[in-house]
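One structure follows; several queries about it will come next.
Letters are used for the chains, namely A, B, C, D, E, F, G and H, taken in the order the chains are written, and counting of residues starts over at 1 for each.
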Amino acid sequence: MTTSYKRLDKDNAAVLLVDHQAGLLSLVRDIDPDRFKNNVLALADLAKYFELPTILTTSFETGPNGPLMPELKSLFPDAPYIARPGQINAWDNEDFVKAIKATGKKQLIIAGVVTEVCVAFPALSALAEGFEVFVVTDASGTFNELTRQSAWDRMSSSGAQLMTWFGLACELHRDWRNDVEGLATLFSNHIPDYRNLMTSYNTLTSAK
Amino acid sequence: MTTSYKRLDKDNAAVLLVDHQAGLLSLVRDIDPDRFKNNVLALADLAKYFELPTILTTSFETGPNGPLMPELKSLFPDAPYIARPGQINAWDNEDFVKAIKATGKKQLIIAGVVTEVCVAFPALSALAEGFEVFVVTDASGTFNELTRQSAWDRMSSSGAQLMTWFGLACELHRDWRNDVEGLATLFSNHIPDYRNLMTSYNTLTSAK
Amino acid sequence: MTTSYKRLDKDNAAVLLVDHQAGLLSLVRDIDPDRFKNNVLALADLAKYFELPTILTTSFETGPNGPLMPELKSLFPDAPYIARPGQINAWDNEDFVKAIKATGKKQLIIAGVVTEVCVAFPALSALAEGFEVFVVTDASGTFNELTRQSAWDRMSSSGAQLMTWFGLACELHRDWRNDVEGLATLFSNHIPDYRNLMTSYNTLTSAK
Amino acid sequence: MTTSYKRLDKDNAAVLLVDHQAGLLSLVRDIDPDRFKNNVLALADLAKYFELPTILTTSFETGPNGPLMPELKSLFPDAPYIARPGQINAWDNEDFVKAIKATGKKQLIIAGVVTEVCVAFPALSALAEGFEVFVVTDASGTFNELTRQSAWDRMSSSGAQLMTWFGLACELHRDWRNDVEGLATLFSNHIPDYRNLMTSYNTLTSAK
Amino acid sequence: MTTSYKRLDKDNAAVLLVDHQAGLLSLVRDIDPDRFKNNVLALADLAKYFELPTILTTSFETGPNGPLMPELKSLFPDAPYIARPGQINAWDNEDFVKAIKATGKKQLIIAGVVTEVCVAFPALSALAEGFEVFVVTDASGTFNELTRQSAWDRMSSSGAQLMTWFGLACELHRDWRNDVEGLATLFSNHIPDYRNLMTSYNTLTSAK
Amino acid sequence: MTTSYKRLDKDNAAVLLVDHQAGLLSLVRDIDPDRFKNNVLALADLAKYFELPTILTTSFETGPNGPLMPELKSLFPDAPYIARPGQINAWDNEDFVKAIKATGKKQLIIAGVVTEVCVAFPALSALAEGFEVFVVTDASGTFNELTRQSAWDRMSSSGAQLMTWFGLACELHRDWRNDVEGLATLFSNHIPDYRNLMTSYNTLTSAK
Amino acid sequence: MTTSYKRLDKDNAAVLLVDHQAGLLSLVRDIDPDRFKNNVLALADLAKYFELPTILTTSFETGPNGPLMPELKSLFPDAPYIARPGQINAWDNEDFVKAIKATGKKQLIIAGVVTEVCVAFPALSALAEGFEVFVVTDASGTFNELTRQSAWDRMSSSGAQLMTWFGLACELHRDWRNDVEGLATLFSNHIPDYRNLMTSYNTLTSAK
Amino acid sequence: MTTSYKRLDKDNAAVLLVDHQAGLLSLVRDIDPDRFKNNVLALADLAKYFELPTILTTSFETGPNGPLMPELKSLFPDAPYIARPGQINAWDNEDFVKAIKATGKKQLIIAGVVTEVCVAFPALSALAEGFEVFVVTDASGTFNELTRQSAWDRMSSSGAQLMTWFGLACELHRDWRNDVEGLATLFSNHIPDYRNLMTSYNTLTSAK
C-alpha cells in the first residue's frame, strides 16, 4: 500500500496570511519574538519570490487587535486585502473565499495568529472543501506550547500538512539550478547560520 | 478526498466539568496553578456566556479528594450536580449520562482533573456512543507532561478534538458582531495580554 | 461513526515487565530516577493488587545488563520468569509467548527498559497477533525525550494505547466502592501529593 | 483487527545518508553537537556492521553547504556517492533512485540534514513508491524542536516509521547470540553509559 | 564573624511600583502573564494590607508605553503618582525621590517593568544613598531569563535583597497571631494551592 | 589570601527541620514530589545515622498548613518538637532557639518548606548570631525556580553554605572506613542509581 | 554602609566588539541565532547612536574562525580594527590596548564570541587595570548555558557589571527628552514587541 | 580599586582528576553522557598537550564505584595514581596532597565526579591552604542542576574560579602562534562545530 505524497507545486499554490496584526502579535508566546518576526517575513519573502498569489486578511483591525504588520502591507501592495468586519473564521467571509477561488489554486499555504483560531479554523474549512492545506507552523503563533500542540493535533488529524517556511521554500523550489542566487539570498536574509556559511565561503573563494 | 470539519455549534453543545475538586487540584503539576485556575474559570465563564448546558460532577467529595472548587458551585447553582458515589469514569454513573442526554446535545465539551482519568475515560465512552467530543486541554490537568502526552495521544487516536478554552470561545462565537462587548469582556477577564491591549486602546481612543 | 473504546478489564489483562535490570536502568535518562523507580514499583504493586497474571523477563542478565531489580523478584516469586538467552524482542522467545498465551488474557499491559526496544518490539508483535496492547509509558524508560517520542509515535501509529500506571489503576478498578482502602493505599504509597491529602484528611477527621 | 508489524530485516534494508555536510551541520540546533555527531557515526557504524548497502548523497557540496563529513567518506569508500547537481529532494535525482533500486531492498533507512527537507522529501517520495521507510530521528537534525516536530508529524502521517539508531540496531540484530561481541562493541563505542557498564563488568569478572 | 540580617520592618518600609504600564507589560516574557499579573496584584494587596506607604510612577504614559495598570490606580487612589516626563531612572526625578524621603522610611521595596532598567536603576541609586533595598523579583518582569539573570546579578552584587511577594508578606507579618484571617485571605486570593488547602480545611472543619 | 573552609563536623552539628507539613508540601513545585519526598527522608535518615541532634518545628499545624509528615514524627520520637503558636520565623520562637542552644552545636543544618520563608528567615537569624549555617537545598522546597533562586541568593549573600543531603552525608562521614555498610545503605535507600550499582556489584561478586 | 553605583556615562564609555566572526558564530548555542544576531546589531546600532568610540578586533580571521560579520565592518568603517595575529586575550595585543587608552574612556562595554574567552579574558584584564567593565551578556555567546554560567560567575566575582544591550541603552540615554525619536527608533528596530506597540499607537493617534 | 586577575599559567598549574570512575559516572545526570565523556577526555587531552602535571585518584575502586575510566588510565600511565582507601575528600589523603605539593605548582585545576563532593571538598581544602583553584565545571558532573548550582555557589563563594575546558585551554595557550596546529587539533577532536569549520576551510583552501 502506497501513500500519496502531497507535494507543493508552485504553479498550484496560494498563500493566506491571517491576522498578523500588531495587537494580536503581543499574544504570541510560544515562539520568541525575534524568531517569530523573522519567520513571518521569511514566509512573505518566499511568497514574493515564488510569485505565489497571496491574500491578506485581518480581524477587527480598528480595535485592540491593531493594524496589520506594516511590512506585510508594503510587501503586497496589490494583494487582495480583506479586513473582515467580524467573522472569526476567515473562511466565513465570502470575499476571502472568493479571492482564494479566484486564484484557481488547490494548495493553500496558511499562517496566522493565533494558531488554534486564525489558522486552524480556515484550515479545517478548506480541508472540508477539498483543498490541500499546508500550515506554516513557524510563521503561526499562539499563547503557549500547550495551545500549539492542541491546535497542531486537531489540524494534523484532519489531514493538514505541517511544514515550516524553510521546508516550503525547498519543496517549491525543487532544484537549486532553477535560481541559485535567488534561493541563497532568501536563506541568507533569514537564516543567520546560513549567512555565516556564505560569508566565510565568499571570503575564501574571492580570496583565491 | 475531503475531511469533514467537526465544528462546534453553540446550539448543539454541552459542557462537562469533571472533578475540579480542591484536593485533586493539588495533583495538577503539568500547568502552573495561576494559569490553571484562570483557564478553568475562563471555561466556566464561557459556558455561562454562551448559555451552554453545563453538568458538574465530583468523585468522593467527602474524602481526601475534597469539595468542588467553590467558584464553580456558585457560577452554576442550578446545573445538574452529580456527586458520584464511587464510579471513576463519570460515564459509568447513570445520572451523569442521563443528565447529558437530557440536554439533547451531540457535542460534548469536557474538562477535568486528572486528564488521563477524569477526562479521558468519559471522553472515550462518549466517543464510543457516537458523540462528538471536544477536550479542553488547558482546563484539564494532570501529574506531569509525560502523563498529559499519553492521555492526549489516547484521546486523539480515538477521534477526540483537542482544543483550548480560547479556541472554543472563538469557534462558538463565530462572528464578533454577534456581541463585541461580551466576547471582549470574556477575553479581558482571562487574558492579561488582551486586557493590556484594551487598556491602551481605550485610553487612546477616549483621549480623542 | 463511533470509535470503540478499548477499555481495560481486570479479568482479561496480563502484565509484562520487560528487562527492568540493574544495568539497563542506568541507561534511562528521560525520567528522573526517583520518579522512575516509584513508577515501576507502583505498576508492580497494582499488578499484585488486581491479581493480574504477571510475566517477568530479562535479557542477558548475567552480563553487563545486570540482574532484575530485586524488588520485582521478591514481589512476584511465583510469576513466570523468562531469562532470555539472546532474543532482543521478547516475543521472539517461545517461552515468553507461551506464558502469555497460558494466561488466556487478550489485553497486554507492557512496560520495560528501554522503551523503543524492550517495550516497542513485543508491543508491535502482540498487536500484529491481535492482542490489545497498553503501554505503561511512565514505567518504561529510555535514553532521552527524542528517543521516547519516536518510540511512542511508532507504537501509537500501530494501535497501542499509551497509558500511565495511575490511569491503568483507575481503569481497572472502575469503582472506588470495590475497595476504597485498597486503592487509597496504593495511591498513598506512590503519590506523595495524595499521601499529603490523606494525612491532612485523616488528622482532621480523626480530630472530630 | 490486527496491525502488521513493519519489522526491519537486515537482508532487505538499505541505508541512505543524505547531506551530512560540514556546512549544513552548523544549522542543526535541535540536538547538541556532541550527541549528534555520535548518533551519525553510530548509524554509519551499524550500517557497516550489518553490511547494509549504503548510499551517500550531497547537495551542492562545492558551495557553502560544504563537503560531506570526512568520517562518512572514509567509512564507505565504495558506496554509491551521488553529489547532486541541484535537486533538493534526493529522490528527484535519477542516479540516486537508480542506486537504491539496484540494491533490490524494500526497506529504506533514511537520515540526513535537515530533517524537514533532506529526510522528509525523499521519505515521502519513497513511501509513495511503495517502499517501507524508517527515519533515523536521532541521526537527522534541523533548526529547532518546532521544526522537528512538524517534520515528524508530516512523515509519520504518511506512514514512515520513526526510529533511533539504537532501536534500528536491535531490530536488525534480532538475537544477541548472532554475535555478542560485535553488538556490544557497537554499543560500547557509542553509548558511554553502556561502556561504563561493560568496564565495571569486565573488571569484576576478570578479577575472579 | 556574624552577618547582619537586613530584616523588613513594616514600620520602616515603603513600596515603589515602577512602570507597570499596559504597553510595557507586553515586553515581559520571563514570567507567564497569568502568574505575573497575579504577582503584581498580590504585591499591591500586601502593600495595602500592611498600610505601607506606596509610590506609583510611570514613564511616558501618553506614548506607546501606555497607561498604568488600572487595578493599581484604583487600589492606591491617594498615593503619590509621579508620571515622569522623561527620566528613565525614576531616581533621577526629584519628585519621586522627594516622595520617598517624605515617607521617612529606610527600607525600600521595589518592583517594576522591566527589571534591568525600571527596577535596577532606582535600586542601585537608592543603595548608593544608603537605603536598604528589597527587590520583589516575581513582581518585576523583563524580556527573558538571560536578561533577568544579568539584572539580578548586578543588583545583588550591590547589596540588594532579592525577595518575592510571599517572602515579603511573611517577613512583614512576623506572627500569624497578629491577624490570622487577614494574612490567610491575602494568601487565598493569590495562591491557588493555598486556597485549595483552605477550601478542604474549611469544609472538613465546618462539617464537624 | 586564603579562605577558611567551613567544614561540617558531626560532633558540632544539629539539624533543624522546619515546617515539612502535609498542607505546605502541596505548595512545593520547584522539585518534583517523588524526588522531594525522597530528599527529605534521606536528610532525616542521615540525621539519625550520624546521631545529630534534630529539632522539629511546625507552623499552625492545626490549620490548613496541616500536620507534620508522619514519617518525620516517627523517625524522631524524642526530638524537641516545637509547634509554633504563630511565629513565622522559627527563630522568633524562644523554645526553638533554646532547644538549639541546648545542643551546644555551632553548625546548623536547616531544611524546610517554603525555602524563602521557613528556611531563609531562621538561617539569616542564625547567621546574625554567629552560627555556621548549612542550607539543605534539595530538602527545602518552594513555589517555583524563580522563588528558589531569589531565596538562595539572599542566603548565600549572607554567608550560608548551600549544600545537598548527599554532600552533607559525605562531609560528615569523612572516611568510608568509618562504616562502609552504614553509608552504603543510606545511599542505596535514597539513590536508585547507586542501588543499581550495588545490585550489579553484589550479584557479580557473590557469583564468584 | 552605601554601595557606589557604577553608572554608565556616555561621555566616558567605549565599546569593544571582540571576535564576532562568521566561523566562531557557529559555535554559539546558548542563544538562538535570530535573537543573537539581533542583539549584536542592536549593540552596534547603539554604539553608533551614542557616538561611543568603538573598537573592533578579530582572531585569526583568515583561518576557520572566518571574517568579521560584514554588518559590523560597514557600520564602523573608521573604527580601529585590530586583526590580532595570534593573541587569544585581546588585551595581550598592544595595539588593542593602545586603541582603548587612546579613547581616554574609563568605562569599557565588552561583547564577543565566545563569552568565557573572548569576553572574559579582556574583561578580567581591564578590571585588573582599574577600568570599569560592563559585559553585554546578550551580545556575547558561547557553547551552552553551563559554559555561560561559569563565565558570568568568574566575571561577576571580579567586579564586572553584567548588563544587556537594552539596559545599556537606557542607562546611557538617561532621559527620553534627550531624543525621543532616536531612542524609539533604536527600540523599534530591535524589539519586535516594542515595534508592535508603536505601530498600534501611531495608527490610533494618526487616526484622530 | 582594581581586582587582580587570577590567570592560569601553564608553568604553574597542575591537574587533579578525581573519581571519574565507571560506577560513579552513572550518577551524573546534569550533563548528557555524550557531552560529558567528551568534556572529560578533552580536559585529559589538554593536560597532556600542555604537559601539566596530572594526578589521578579514585575512591573505593574495587567496590560499586567501579574502576577509573580506562581512557584516563592509558593517557596518564606515569601519573601519580592514588587509590584512596576511604577518604572521601581527596585532600584528607596524605599521598594525594604530597603528590600535589611535589609538583611545586600553585594553581590547581580540578574536575571530578560528583561535583559537590569529589570536586568541592578538595577545592575548598586547597583554597584554605592558599592555592588558586580552577574548577572545570563541564568536566565535573553530578545528580542534577539543583545539586550543581548549590555546589558552584559554595565553591565560588570561597574564591574558586569556575571555568570550562575550552576556557582553560585558551587561557593556558595565550597565543595561537605558540602552536597553531596543536591547539586546532585539540579543538577539532572535541568540538564538532569547530571540526566542521576546519573541514570546510581545508576543502576550500586546498581546492585553490
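In this text, contacts are C-beta pairs under 8 Å (C-beta built on N, C-alpha and C of every residue); 3 or more make two chains touch, one makes a residue touch a chain.
What you see is a predicted model, and the numbers here were worked out from it, not measured in a lab.
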Seminar exercise, completed: Neighbours of subunit H that also touch subunit A are D, G
Problem set entry | Rotation, 0 to 180 degrees and nearest 5, that superposes subunit B on copy subunit C via CA atoms | 90
For this session: Find the geometric centre of each of subunit A and subunit C from their Cα atoms only, then give the gap between the two centres in Å, rounded to an integer.
Result: 43
For this session: Determine the centre-to-centre distance between subunit F and subunit H, using the mean Cα coordinates as centres, and give it in whole Å.
Result: 31
Seminar exercise, completed: Averaging C-alpha coordinates per chain, one finds the centres of subunit B and subunit H separated by a number of Å equal to 54
Exercise. Mind pulling the subunit A residues that touch 2 or more other chains?
Worked result: 23, 26, 29, 32-33, 66, 191, 193, 196-197, 200-201
Seminar exercise, completed: The chain pairs that touch are A-B, A-D, A-E, A-G, A-H, B-C, B-E, B-F, B-G, C-D, C-E, C-F, C-H, D-F, D-G, D-H, E-F, E-G, F-H, G-H
Seminar exercise, completed: subunit B residues touching subunit C in their complex are 23, 26-27, 29, 59-60, 63-66, 85-89, 92, 114, 116-117, 120-121, 124-125, 127-130, 143, 146-147, 149-151, 153-154, 157-159
Seminar exercise, completed: Touching subunit H in the complex, subunit D uses residues 22-23, 25-26, 32-38, 66-67, 69-70, 191-193, 195-197, 199-200, 203, 207
Exercise. Across the complex, what residues on subunit C touch subunit H?
Worked result: 26, 29, 32-33, 144
Exercise. What part of subunit G is in contact with subunit E in the complex they form?
Worked result: 1-5, 7, 31, 137-138, 152, 156, 161-164, 166-167, 170-171, 173-178, 180, 184, 191, 193-194, 196-198, 200-201
Exercise. What part of subunit H is in contact with subunit A in the complex they form?
Worked result: 197, 200-201, 204-205, 208
